[in-house]
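Look for subunit A in each of the two complexes below; its partner is subunit B in the first and subunit C in the second.
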Partner chain A sequence: MIGFVSRRLATALVQLVGLALVVFFAIRLLPADPVARLVGLNASRDAYLTAQRSLGLDRPVAEQFGSYLGVLPGSSGLLQGDFGRSWVTGDPVAQEIGRVLPITLELITVSFVLAFLVSVPLGMICAIRPGGAADRATFAYSLFAGSQPEFWWGLLFIFVFFAELGWAPAPLGRLDPMSTPPAVVTGFITVDSLLAGNMAAFRDGVHHLMLPVLTKVFVLSGPIVKMVRQNMVRVMASDYVLFAQASGLTPGRIARIALKNALAPALTLLGVLYGYILGGAVLIETVFSLGGIGSYAVRSVLAFDYPAIQAVVLVIAAVSLLVYLVLDLLHAALDPRLVG
Partner chain B sequence: MSDAPAVEAALTARDLRDGAAAPVPDRLFRLGAATVALSLVLMVVGPWITPYDVGRPTDDIAVPPPSLAEVPGLLWAVLTGRPHEPVYWFGTDASGLDIFSRVLAAPRADVAIAVGANLVSLALGSLLGLLAGTARPWLAGLVMRLSDLVQAFPVFITGMILVTLAGRSPTTIVLTLALLYTPIYIRLTRAEVLTQRGRGFVDASRALGKREAWIALRHVLPNALVPAMIQASVTVGFAILMTAGLSFVGAGVRPPTPEWGLMIAAGADGIVQGEWWPSLFPGLAISITVFGYAAFGNGLERRHAR
Partner chain C sequence: MPGDALLSVRGLTVAFNGVAAVSDLDLDVMPGEILGLTGDSGAGKSTLGLALLGLTRPPGRILRGRAVLEGTDLLALPEAARRRLRGRRIGLIVQSPRGALSPLHTIGAQIGGVLRAHLPLSRPEAAARSVGLLRRLGLNDPERRAGAYPHEISGGMAQRVLIAMAVGAGPRLLVADEPTSGLDVTIQAAFLDELAATARAAGSAVLLMTQDLGIIANYCDRVAVMQGGRIVAEGATRAFFAAPADDYSRTLLSLRQAAPPPAPAEAAPLLRVTGLCKRFRLRGSGKTLQAVNRVDLAIARGETLGLVGESGSGKTTVGRLLLRLLEPDGGEILFEGRDLARLPPGELRRTRRRVQIVFQDPQDALDPRWTAAEILGEALERRDPARVAELLALVGLEPGDAARRPRGLSAGAQQRLSIARAIAADPALIVLDEPTSALTPLARVGIVRLLRDIQARLGTSYLFISHDLNTVEQLSHRVAVMYLGQIVEQGTREQVFRAPRHPYARALLAAHLAPDPSRRRLDRPPAAALEGEIPSPVDLPRGCYLAGRCPEARPDCRSTPQRLLGLPDGREIRCLPEAERAGVLPDPIPA
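Here is the complex of A and B:
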């Protein structure tokens, strides 16, 4: 098991190093001029050169890369856990990301768990009689949900539940501007407000999560139902299920036995999916002005803020790899054949 | 946006392998095929058949669409001759542009970009997949590691970065999406090549003394392309979602191009005040189109598995 884990960690680390390298050079190879973006097109040549020097862009690329990694004497970089400072705000990028990342993780994780809870029964209904009416209807739903523009559904939900019915709060952030945010412990508003015993903030936080989570659960249920269904159909066709049926076990018990074996291989795909959703949080955060890492990414990209861009890609890739690793380990724990 | 083409691809590959294929009803499959055909037709002729100029505002600002009860009468008036006043089927937006015209013209951006990106990545991915399935181990390993590396990037954010820094033109979007989707096709083709290589006709060619490269291109590749082409239909749908999503956050094609994502973004502010139509119709177009591509692709997959 230790060998398995360390092999996986080593692979993930190599991938992250590759990512850091590729991101750094790719954004410098593209025909964009961050200095012009920062000082404006009408800036004088002196202003341009001053800005270029202050960003360190007058140095050779190899030297820039060295200081980005933190291998040059006197520089602090990735090796020291330092992502550099934002070119726009001047604040350390690590600090900014530490502030926005929990907002996204909270939204994504809550949606992911809820979508999973909704999708497993749906996928199981499909698998009981593959090709039957329930299977076809559920499958058509999952196909539909999985092919929807989530930002548009978010807007529709805002129109119905905020503009028309008034049940949801204005889509203007994570908390009502009038309510006091809880002290930051984990960065998750719901968790922090519970820790602080601030029930008003908790209710407000949940209230603001309602529509974004509804949107995400809807679109996420598509691929997850398909995944559960596929694994379930395969397991239900196996010999031991036939044996269980022959032994006279009730369909409910058989479904429970089959479920465990059906979910194990789904875990790996869920890991991949989590990574995609994390990177795709940009859209839902834009619709609801949530200010998570997705909104941060948009801001950084549109402002050509290279240190922030590099950090966003690395952090999202790192979190995705970590989640993938954890689910892989869980998979291995459920299915010991994988470790060997 | 369920931007999970890789998960989709993994599921497709597995479906094809063991025949547990998607139960897509025939009616849904035909509906999907019709949607795909319509989107391709509009991609070509869309901008030529719009009732209004997509770039020139009309005098009517933010006119709501006619109510459903008025539609038959208006339709009759338009079909039989001149209606008394201008008809805006989907209403006009805050700057007075006719939404129906722009929805019709948008496939020239959305569908063309998505199809273009998939053609490029299908060509590139199937050749690299063939290489990864037949070449010497070090070369095959290199191809697969590179494709792993590309897949480790967060798709949407990487798309945003590449498109924005490269200048936000349709060409850069095509190339960016092509890069991001190529690993999917590499993986699918390679897996299929590996199974095809053991088939009788490959051994037969080899016994006839044909060269390996010739066998690979002439016999293995055509057979290995089927799953990749089925996947392409589903991936074109995802590419439409991504193209629209990119412009929705301001990192895609530039306004005033008629494009569904841009139109939704332009109408987003009005939604809170109850002006639902500028965002509703372009979103409906995306919703139907991408669903159509998914139903078509999954239906094909089922037919192939049978």
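Here is the complex of A and C:
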């Protein structure tokens, strides 16, 4: 098991190094001038050159890459865990990402877990009677929910639950502007407020999370239900379920056996889905004005903020790889055939 | 007689969306007997079996009827009460032993789960009993085995575990639905031996549903034949095989004992293969798998060579090497005077017309978007409608089938089309790779007849590859037995089937279940069975490959590579001790 994990971590590291390389050179191939973007089109030639020097863009590309990696003497780069400073704000990129990443992770992880908890029983009910009323209703729902973009569902939910019913708070960020945010420990508002014992902030955080999570769960559940249903139908038709029934096992026990067999192969697909959603988080963040990593990525790209772009790509990739790894380990724990 | 029946089924009707799969069926099972239930695919056997347990799957519904087991009508019980009877009074054995065990749960947990469903046991008590049960099954180190997953135990152990679970709570009736389909012959025989012995010991009756009349003849006391959801014939096994009462069984048994048409005697063989070898490199480990190992064989014009062996013996690889669908690593394939193994690509393509192949699954081998006429036209040099019609007639298809696509044809008709395509180019040799294995017994009879007919008319030679010994016996003039990539015995049909000499061939043919109740396996003394299971063809020993399992192995067998030795009666075997017994003097092995 330890060998498996270290092998996987080593592979992930190689992938990240390759990615760092590709991203670094690819953005420098773009027909864009970050210096002009920064100083404005009317700036003098001197001001332009000063800005170029301060960004380090006057140096040869190889040298820029060396200092980005942190292998040049006196430079501080990836090897030192330093993503550099944002060209727009001047703040360390690591610090900025530390602020925005938890917001996104909190949103999609909570949505993911909830969607999973909703979808598994739903998928099972569908699988027990394929073509039955529950199956048909679920099929209609997943077609309906999946055929319209999530930002549209988000707007619709804001209209219904905030504007009409008044159950949800205004979609203007992670906390009410009047409430005191808890001291930052993990960056996750819910966790930090609980750690600080600040129940008011916790309630407010959950309240603000309600609609974005609802939107995500609503859209995400469709594919997960389908996946669970598919696997479950296959397992219910298997010889071992038939044999279990013929041996007189109770329906509850058979369902537990079947569920384990149906969920194990679904885990890998969940990892793919997680990475996909992390990359596309900007839509939901924009609708609910959550300053997450998606919005940060878009802002960085529009501003040609090279250090920020490079860091965002690496961080999202690293998170995705980590999630894959965790799910693979879980899969291996469920399915002993994968070990060894 | 119904008075003393263990199970008596009356007027049972099961329908799927209004179409009856089992209609108005009456059947009695006597206490302690093994009743064979046979019939073609779709006759309703499985539907009947599941209905008896109340496990009819939607959209199927039991419309009416009774199934009285020891005075209780199973079908009238509420589901919860019926569930308590399942496993305790009536049990089920499903296809493939390993498939009946959940791959993600330990053996011990699965046995314990079944025990706890019927007996008031705590979890630790059930676990202790599971270990006890495994010990009684003769598994060494049962504590450790209980914690093993199904993929970690051997197939033989999985079989015993499955049978033990099915009879564990002492059911009076076991329903076995094609319990050995897809298993190799030796494993099939071992499984059925175990099942019959355990059922006899426990006094349970068995309703054994199978398409294989060989199994019925060898294991069953009585036979019932099902067709279109009804029982069409019923009787004691011997009487049944002596004079089958229904058309279905008569058709199946019509090929029994009928030898294939004799091959024309000819001195020079059409095909002579010497020293054929094929290795596959395994990804990751860097090890090699010796799939075909120094194979020598010869086929005369108009002759059929049957190539038999169990899964993984390399028989399919031999077939593909002959056509160079796979590149051989060594050896010579002399066909009509030329060495196919060394032909340049252009000439090889022209020669391929003379050597054709028919695959196991016609559905995979025929393009689903083409009509039969297009498929045949492709195989011809010119798309000649007259020739297409001629080919269709030759394989017994209707002229109207020319416009059909493969999906519009039955599996048997698809295989006929596949054969028509093979003979379109007028080949001298056809490699038939399990052409009857994916077919129902009835369609199989038709294909065997067709192949015999084509051979008689066109003088085509066949290499007939199959694990189904009955079909091989019906078609072959000579038979070669393969084990782990080597031919271990080669001789005429009579030599190999009547008196095999190589220990592996003997074990294989002892496990052969012929549809003939006069030599029942149940009544025969247990033949020299081989120990253990077929080892993997990776890391093979230096000496005889069978030495580890052979009851007659001598010390020198393990160290001496065995060569194919000719015996005075014309056959060849790869076993020095046996050859010596037959009067062959060992000659010094050339360096």
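What we mean here is this: the second predicted complex is superposed on the first by the 334 of 340 C-alpha atoms of A that agree within 3 Å, B and C clash if a C-alpha of one lies under 4 Å from a C-alpha of the other, contacts with A are read in each partner's own complex, and residues count from 1 in each chain.
Keep this in mind: a residue touches a chain if its C-beta (ideal position, glycine included) is under 8 Å from a C-beta of that chain, and two chains touch if they have at least 3 such contacts.
What you are looking at is a predicted structure, and each value in this text was computed from that prediction instead of being measured.
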| item | value |
| --- | --- |
| First (subunit B), second (subunit C), both or neither touched by A:150 | first |
| Touched partner set for A:313, first subunit B, second subunit C, both or neither | first |
| Touched partner set for A:71, first subunit B, second subunit C, both or neither | neither |
| Subunit B versus subunit C as contact partner of A:158, first or second or both or neither | first |
| Partner with the higher number of touched subunit A residues, subunit C or subunit B | B |
| Partner chain(s) touched by A:199 [first = subunit B, second = subunit C, both, neither] | neither |
| Which of subunit B and subunit C A:234 touches, first, second, both or neither | first |
| Common interface residues of subunit A - those touching subunit B in one complex and subunit C in the other | 131 |
| Touching residues (chain side subunit A, partner subunit B) in the complex | 15, 18-19, 22, 26-27, 30-32, 126, 130-131, 135-136, 139-140, 143-153, 155-156, 158-159, 162-164, 170-171, 219-220, 222-223, 226-227, 230, 233-234, 237, 269, 272-273, 275-280, 282-283, 286-287, 294, 297-298, 301-302, 304, 309, 312-313, 316-317, 320-321 |
| Residue numbers on subunit A that touch subunit C, as the complex places them | 129, 131, 238-240, 242-250, 253, 257, 260-261, 264, 334-337 |
| In the complex with subunit A, residue positions of subunit B that touch it | 1-4, 6-8, 10-11, 14-15, 18, 20, 22-25, 28, 148-149, 152-158, 160-162, 164-167, 237, 241, 244-245, 248-251, 261, 264, 267-268, 271-274, 276, 279-280, 283, 286-287, 290-291, 293-295, 298 |
| Contacting residues of subunit C [partner subunit A, same complex] | 53, 55, 58-59, 83-88, 91-92, 94-96, 99-105, 113-114, 117-118, 149, 151-152, 162, 165-166, 169, 175 |
